[in-house]
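Next come the structures, one after another.
One chain, subunit A, links the two complexes that follow: it is found with subunit B in the first and with subunit C in the second.
Our next item is the complex of A and B:
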């Protein structure tokens, strides 16, 4: 059971009040992209054992979207942050590094 | 005018550890817009007759009420007979503002759970910390009741009011009565 914080309404609740919507920070490839880029955008998702960034929605609450950083192995939630960003904020990166010293945003991006 | 009819025609069950009642037709207006904009606040306050609530709170007085639903949404409560007039008034106030107001009175159902164990009945069904020092009268929470979305608040320490979609009114009434079954006290809150 995950405890999730919604940065939009400030409520912290267990996960059944929310809904997970998959990997965060995808870059859209549309018209003009190659077939490989389009395929990758549509179908290819990370499946890490460890730190993962996801899109979540406060389904049975305020109805708003946001981002969550969590560990897929231990189910630890590092934090949540605004949906209106392309990359995790520094504050979240620091929280993850505090708990996972070996993890880095640069390695994550590659 | 046709006669307004609620989903369960005011059904009530008094056999359990709390009294579960469907309340009569209630005027409800959903308002979406920038909640920091003065004309939006003014329209909501005028239509509801109460003051603007804080985040995750509601203000109620008599039939009037104003509930904070999300960062851009309020729910206005009023007498059922007055909802058309109040909505028309809001819409004229908001004519030049980027906001949306809709009458949802007939799309919702309103329940009351009453009695010393009301808090306990709700706690069995919603994934919310309902300890007396955590959820207090005046707070407003959107969550779920068993499997369906619902919003609730406590007008006082012994009663809970629950708003849900009209289409799931029977489900909510039944599940509240299961949670309120005679002899099913948990006694967790010591109330």
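Our next item is the complex of A and C:
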């Protein structure tokens, strides 16, 4: 069971206090989008063996949403950060690169 | 025979005799005995039957690894099957029953299977029970069900209580042997917060049995002194009878404490589940001795050498008068020496090795006059329910008998396997140590924590370090290392104790005995005692292509019994490696999964059972309902009255009465559970336009509008009436079950997508009690309460107003879920009961009666109103339900809009909502499917619709239903056939879903 830190209320607590909601930084496509765009937004998700950016909610705590950067293989947590961002903040990217020198945000985006 | 010796036992107290029964027979033991030692002291060697062949089985081990000796323990509310006699402490009045035999332990009909073993090889179930197909259900399964299974399932409710315990520490040490004690002491001296768990009821593990000198004194003294030192440390917490059950992500460890298994009369919980967060974990879990694979190694009386030694030293119990020792290592010589010194006979030690010289224990044994045969092995064991002798042969050969030696016990040792379970649970890797022929933790690849660093360190025998001196140094270093990771410093003058070293010859791996054992011998050489897997079975699996260890395990069931292969795994995979001509590390191990040893399900449940399993939510009027005949039904965590029964009437009759009374006079519904969400802020209107399919921003202050909410997938998830309170405030009603999820849904979009919109959402569901006043007399009732104008002119349909009624501050919504003249009135929750009482008082002469949820359902179904969860199931869009009128055409966007444009959603063949009217006025079965022409690919009749809601309508005197039907709205008047599970065909006509008051005249008065 993971230990997760909520950046909104500052609590570090057990996974059961939180709920994971899948991939972070999705761009919403609404009316006017093509079928491919909409399909990709609604259904297509990354499933990496390694660094993953995720949406979490402090469900049995402050109720707020946030993001977690985590390794799906080792379960190492690189950091939690605000849900109100379109991309991971530089500080998180640096933390990941410190631990995973081969990883780059550019390769991640492509 | 096995018996109690005159020599003292370390752990028993001869001044405290205890009485117990085994299969109804009265027996005696002492305080400190395990059930195993007490049974052996009473010459009860035969304790059970094996799973498949029903072979007689005796006790093999002395600890958690025991595969055979499982019993049913206790009775009634304290009955528990599959309890290990080796981990069961004896207490006065203990009752045990042996398992898996019929009619009796001594004479078991199932034992015929052993004569059929030629026909019951590995994978037998898969090969045999395939054909003919019909045989499975009617012949094979009933027979298997009768014969399979170990203990009996308990029939009574568990009488005991259980609890969870949360703990946090810097260093958790699992295992209270010398390695664990030393690790806890060293870690404790750094100032770290330490917890130490030991699964048995005593400290020191097996070191005191095996002997040795630590810092010039017997190891017993070392254990006592270390324990005394630990007890004085405020930062160290120690627990006996607590097993480290599993190690999980980020330093989460489960401990399983057995508080009163040994003292059933003690007050308090029986088991306690420790949920520990440890920054560092030290696994000092010891090692388990391996059996040797020789023919007849499962006959009662064949035991692990270390176990025999334990019974003599710890409990003063001898397993036999004449014990043959068979080994591939020095360690088993300790058993021979111990037995000899206890005055028992050891006719011979069979050592599979050929050693160049006698050193250490070998020399000691010879000096005691024990005959030692090097390069020798067991060809086969003689005896049935008890060992009577052994045939010996050369280890190098194929088993030709050189000599027969009578004996009544055999002590075997195939070397030691570190207990790597806890190390492995969370991803710790293993390395093969060829010197000791075992898998040991690969310390360079530990389980990793949240920071990506290792958080588990093995210590002592669990790390593959066996000599006492090495164990102490290793444990000291492990603890210092773990504490240092956490920035704790060990004082400079603290060093590890030192033990005297023994001269030792290396062990030699022996996976089959003799090494060229014939097929006949291999068929009698057991690997897994509990599941009856033999060397021949694993070789057959390899021959049939099950070359992966995980596949071979499942095909043969090796290691899949309740002992999870603690004795059998290494021998099994070595046998597999041999059959595949591979080396052991390349075959690998199966996965170690928690728990290490079975733990009670009740301990996992902890306090969460019965009425405190989940919180129950009650409305302010709950007690009144309970006192007035309410039959409750759960709606989420709420309890809502289903119907109020009067006198002797049936529930059905009560519901019918409530419907008729509400239609004709006046009904009162406790609607407090409906979700109430306040949505407020400058962007609230814009936000609600995204949440709902219809337009909410244009709603006028003082007005109400029915709204639909969809997920981004387009599916209908909730509905309810929205009221505009003021310029920037809306109140959204949700379904009872939807209040929390819809609140969360709104928050999700506000926090993660439109975080720059100024909107605040508050869930005020529990702040208000809400009563629906429904029926032709509704207005009269409110007028009798008085205080505000509720006339049609002052408060029209779909309007709300604040005011007072009967002195209560109220908000009145004129909305209707029944088709009747109806007001929903909200008061502060604290006034709920008083307001309810006031309504009943003025309502008496108007025919007021409370009604429940079933009546509510019938009223809405008669009007063709949908219900979330009945008409919807997560695959239904509003368009399917004829709710197109509630979907804004003007809005450019709302959640679900784009999805509803997908081809599947606009498919004209989607099933659509219709009303269904049975031809004979009966009630359609719930969930029934309508069948059409032809059959599908599986030969089943094609389905063209299904029933979503079905009731008997007392208003119409007939069965009415709603359903989703292929092209339904275009097929009005057509009659469909719904086959019921009762074998009957129900016929129903497609009609308009509004069965009652199509024009809506009744609600508009």
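Simple rule for what comes next: the second predicted complex is superposed on the first by the 110 of 110 C-alpha atoms of A that agree within 3 Å, B and C clash if a C-alpha of one lies under 4 Å from a C-alpha of the other, contacts with A are read in each partner's own complex, and residues count from 1 in each chain.
Everything that follows uses one rule, which is that a residue touches a chain if its C-beta (ideal position, glycine included) is under 8 Å from a C-beta of that chain, and two chains touch if they have at least 3 such contacts.
The structure displayed is predicted, hence computed values, not measured ones.
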Which superposed partner A:14 touches (first subunit B, second subunit C, both, neither): both
First (subunit B), second (subunit C), both or neither touched by A:64: both
Partner chain(s) touched by A:83 [first = subunit B, second = subunit C, both, neither]: second
Residue contacts with subunit A in the superposition, subunit B compared against subunit C: C
Partner chain in contact with A:38 - subunit B first, subunit C second, else both or neither: second
Set intersection of subunit A contacts, subunit C complex versus subunit B complex: 14, 59, 63-64
Contact set on subunit A toward subunit B in their complex: 8-11, 13-14, 16-17, 59-64
Complex interface listing, subunit B residues touching subunit A: 55-56, 69-71, 73, 127-128, 141-144, 149
Complex contact set, residues of subunit A against subunit C: 1-3, 14, 21, 28-33, 35, 38, 42, 55, 57, 59, 63-65, 71, 74-77, 83-84, 99
Touching residues (chain side subunit C, partner subunit A) in the complex: 248-252, 277, 427, 448-452, 712-713, 744, 747-748, 751-753, 755, 892-893, 897-899, 901-902
